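Labels for the chains are A, B and C, by order of writing; each one numbers its residues from 1.
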Amino acid sequence: MATIQDDVEEMNDPESGQDDGQRDDVSISGLLEAVLFLSNEPVPLAFFVNSFSIDPTQAKILLDSLIDEYEDRDGGIKLQEIAKGYQFVTSPRHADQLRRVIGVKKREGMSKNMMETLAIIAYKQPIVMAEIEELRGVACRTMVVKLMERSLVKPVGRKELPGRPLAYGTTNEFLRYFGLNKLSDLPKLSEIKEFSLDWEG
Amino acid sequence: MSDTEERIEQTEGETAENSPILHIDNFDGPLDLLWELIKKAKIDITEITISTITEQYLGYLKLMEKLNVRVATDFIRMASELLFYKSCALLPAAQIEDEYFVPPLPPELVQKLLEFKKFQTASRRLLEEFEAHANRYARENIYEDIIEIDDFGEVSLFDLLKAFADVMESRKDIEEKEIVFDEILVSDRIEHVRRMLEERDVLHFPEIFSAKPSRMEIVVTFMAILELAKTRVVKLLQHKIFGTIRIMKYVHVQ
Amino acid sequence: MATIQDDVEEMNDPESGQDDGQRDDVSISGLLEAVLFLSNEPVPLAFFVNSFSIDPTQAKILLDSLIDEYEDRDGGIKLQEIAKGYQFVTSPRHADQLRRVIGVKKREGMSKNMMETLAIIAYKQPIVMAEIEELRGVACRTMVVKLMERSLVKPVGRKELPGRPLAYGTTNEFLRYFGLNKLSDLPKLSEIKEFSLDWEG
């Protein structure tokens, strides 16, 4: 209960929080902000719309202007649109000090192998093990298991191929890890046309 | 799975100027190695021939072998693929009257390499995103009535299967009872494996099954192996080169 | 909503007149804000002073101006100073609505118990309560009821056992939830091999 502050006078009158007339933008915006503050997960737009009977367009405008406000202010916290929802996070610039002082953990890194397997699954989902291995040219089972254990990948069904193999796809956690709002926000795959295009040193 | 391999340097190939210094642990797999070799030979891209690349690739594998580095099967499979392409290119039918004609890389291999590179590049970009977002922290409210947005959080089929496996694992006594129904007992399978191990020290995983194992037999045998490993009767080894699991008698040191 | 920036701009004298090695106020203020945002407890002034080697007076000034900033802005969250330190809280004005939403939306995640019960029902259906309980070794009635409330599980008939007990199975909702077309698409127990046989001796 530590973080919801009660106003003592209003406590006795449970109705006072809701006036029946139209609520003004400032007050709704504050409400959205409070909900975002109390949630551990990104909060989808639909949650606000359903819980407070707010018009979706209005909610979207209010949330976007909250994002802008925190962006312009450029303080210690930012509002971001991520994993199909909105979420307050600390500004990346303080990461090192926060880790040192309050001991927030550094996210476990990703190996090159794991990352490549994940990229293939992300762009080609739903994809079966054999297709992943064909693309990478190596056995990938261990990598896929590791990715599943980190909840970045999951089986999403079966493909109509001989043996009806399991097909894999990415999770919501994946979106969160990579700061994506939705799958279609993945950076475009750049076609590599010639070998010479990619000579790097 | 080259990431665990030892680091070696190519010290041979004294072809002066661009004698390649390649580290095995730098390669994710044969495609990565192949790409690197082609890159090394970049003097003129159009002049890369399948035979040059094949030679270099094989030379590289030989070197690894010489230095006692384990070569994953994936690398060997690619070697045979290259040899196949090379021999195709040398077939008389494919020859052109020009004696200077050198067969280029087959288009399907080029396509494969380009696809591979496309995802490798994409993965690098994703990794940057990953790192950027690892620096943002969200609140972790310990408030009792936290708003749960998603009813279950995310539960996947993998979790479901794992949960089932956990139950089966922890309730083996009951599992056995059920298996009686199918007339395959875990204890029988344990005995079976033990008997085989009396004759030989090492068994390959597929050997412990009958010719056409039923699903139940696989599961039960699998559980028997788990049990034997847990009680330290056997040790399970999987060599990356071969990929098959080998079952060894456990040698008690102390 | 525009009021936030005023304070910041006053303090913000970017880079120009900085003493050597002196971090500017804006950056420290952001850091304090990030720490407060991540903390579930009031953070005492001494914590900031010790952790970041800030002058206590400077820290106090920065914190007080953060309080003012959030006060002026009058949004959904406020910074308050209480006996034990500084803490972000939601604005009292939204307390009722927050409580209402939280009350409605409070849900347990899928617990390990629930997951195991669901897995048994999924793989062993039709199955009676006694069989589920025998497998899990504990009473499961509550779990089964919860799963039924969420429409993942339903009674599918009675078994020809003494007392003709109800047998349970999974629902269409279950299939939808896990993205399955039909029950036989469930990963098979034999496919566990795929997932867990990759350890080394």
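Here, a residue touches a chain if its C-beta (ideal position, glycine included) is under 8 Å from a C-beta of that chain, and two chains touch if they have at least 3 such contacts.
Nothing here was measured: the structure is a model prediction, and the numbers come from that model.
Visitor: Where centres are the averaged C-alpha coordinates, which chain has the largest centre distance to chain B?
Guide: Centre of mass proxy via C-alpha means gives C as farthest from chain B.
Visitor: Which chain is most central here if centres come from C-alpha coordinates alone?
Guide: If one averages C-alpha positions chain by chain, the most central is A.
Visitor: Just give me the whole-number Å value for how far the CA centre of chain B lies from that of chain C.
Guide: The answer is 36 Å.
Visitor: On a C-alpha centroid basis, what's the spacing between chain A and chain B, in Å?
Guide: So the centre of chain A lies 31 Å away from the centre of chain B.
Visitor: Based only on mean CA positions, could you tell me how far chain A sits from chain C in angstrom?
Guide: So the centre of chain A lies 13 Å away from the centre of chain C.
Visitor: Which residues belonging to chain A are in contact with no fewer than two other chains?
Guide: In chain A, the residues touching two or more other chains are 2-4, 35, 37-38, 47, 88, 90-91, 98, 104, 142, 148, 155-156, 166.
Visitor: I need the residues of chain B touching at least two other chains; which ones are they?
Guide: 137, 139-143, 146-149, 156-158
Visitor: Spell out the residues on chain C that touch chain A in their complex, using ranges where they run on.
Guide: Listed in rising order, the residues are 1, 4-5, 8, 26-27, 29-41, 51-52, 74-78, 80, 87-102, 104-105, 179-181, 185, 187, 191, 194-196, 198.
Visitor: Can you name the residues of chain A that touch chain B in the complex?
Guide: That would be residues 1-4, 35, 37-44, 47, 78, 80, 85, 87-92, 95, 98, 104, 106-107, 110-113, 115-116, 118-120, 122-123, 135-139, 142, 148, 151, 154-156, 166, 171-173, 176-180, 186-187, 189-196, 198-199 of chain A.
Visitor: Would you mind writing out the residues of chain B in touch with chain C in their complex?
Guide: Listed in rising order, the residues of chain B that touch chain C are 137, 139-143, 145-149, 151-153, 155-168, 171, 174, 215, 218-219, 222, 235-238, 245, 248.
Visitor: Would you tell me which residues of chain A are touching chain C in their complex?
Guide: 2-7, 10, 14, 16-18, 26-27, 29-38, 47, 51-52, 65, 69, 72-77, 88, 90-91, 93-94, 97-98, 101-102, 104, 129, 141-142, 145, 148, 155-158, 164, 166
Visitor: Applying the document's contact rule, which stretches of chain C touch chain B when the two form their complex?
Guide: 34, 37-38, 40, 101-103, 105-110, 112, 115-116, 118-120, 122-123, 134-137, 150, 177-180, 186-193, 195-201
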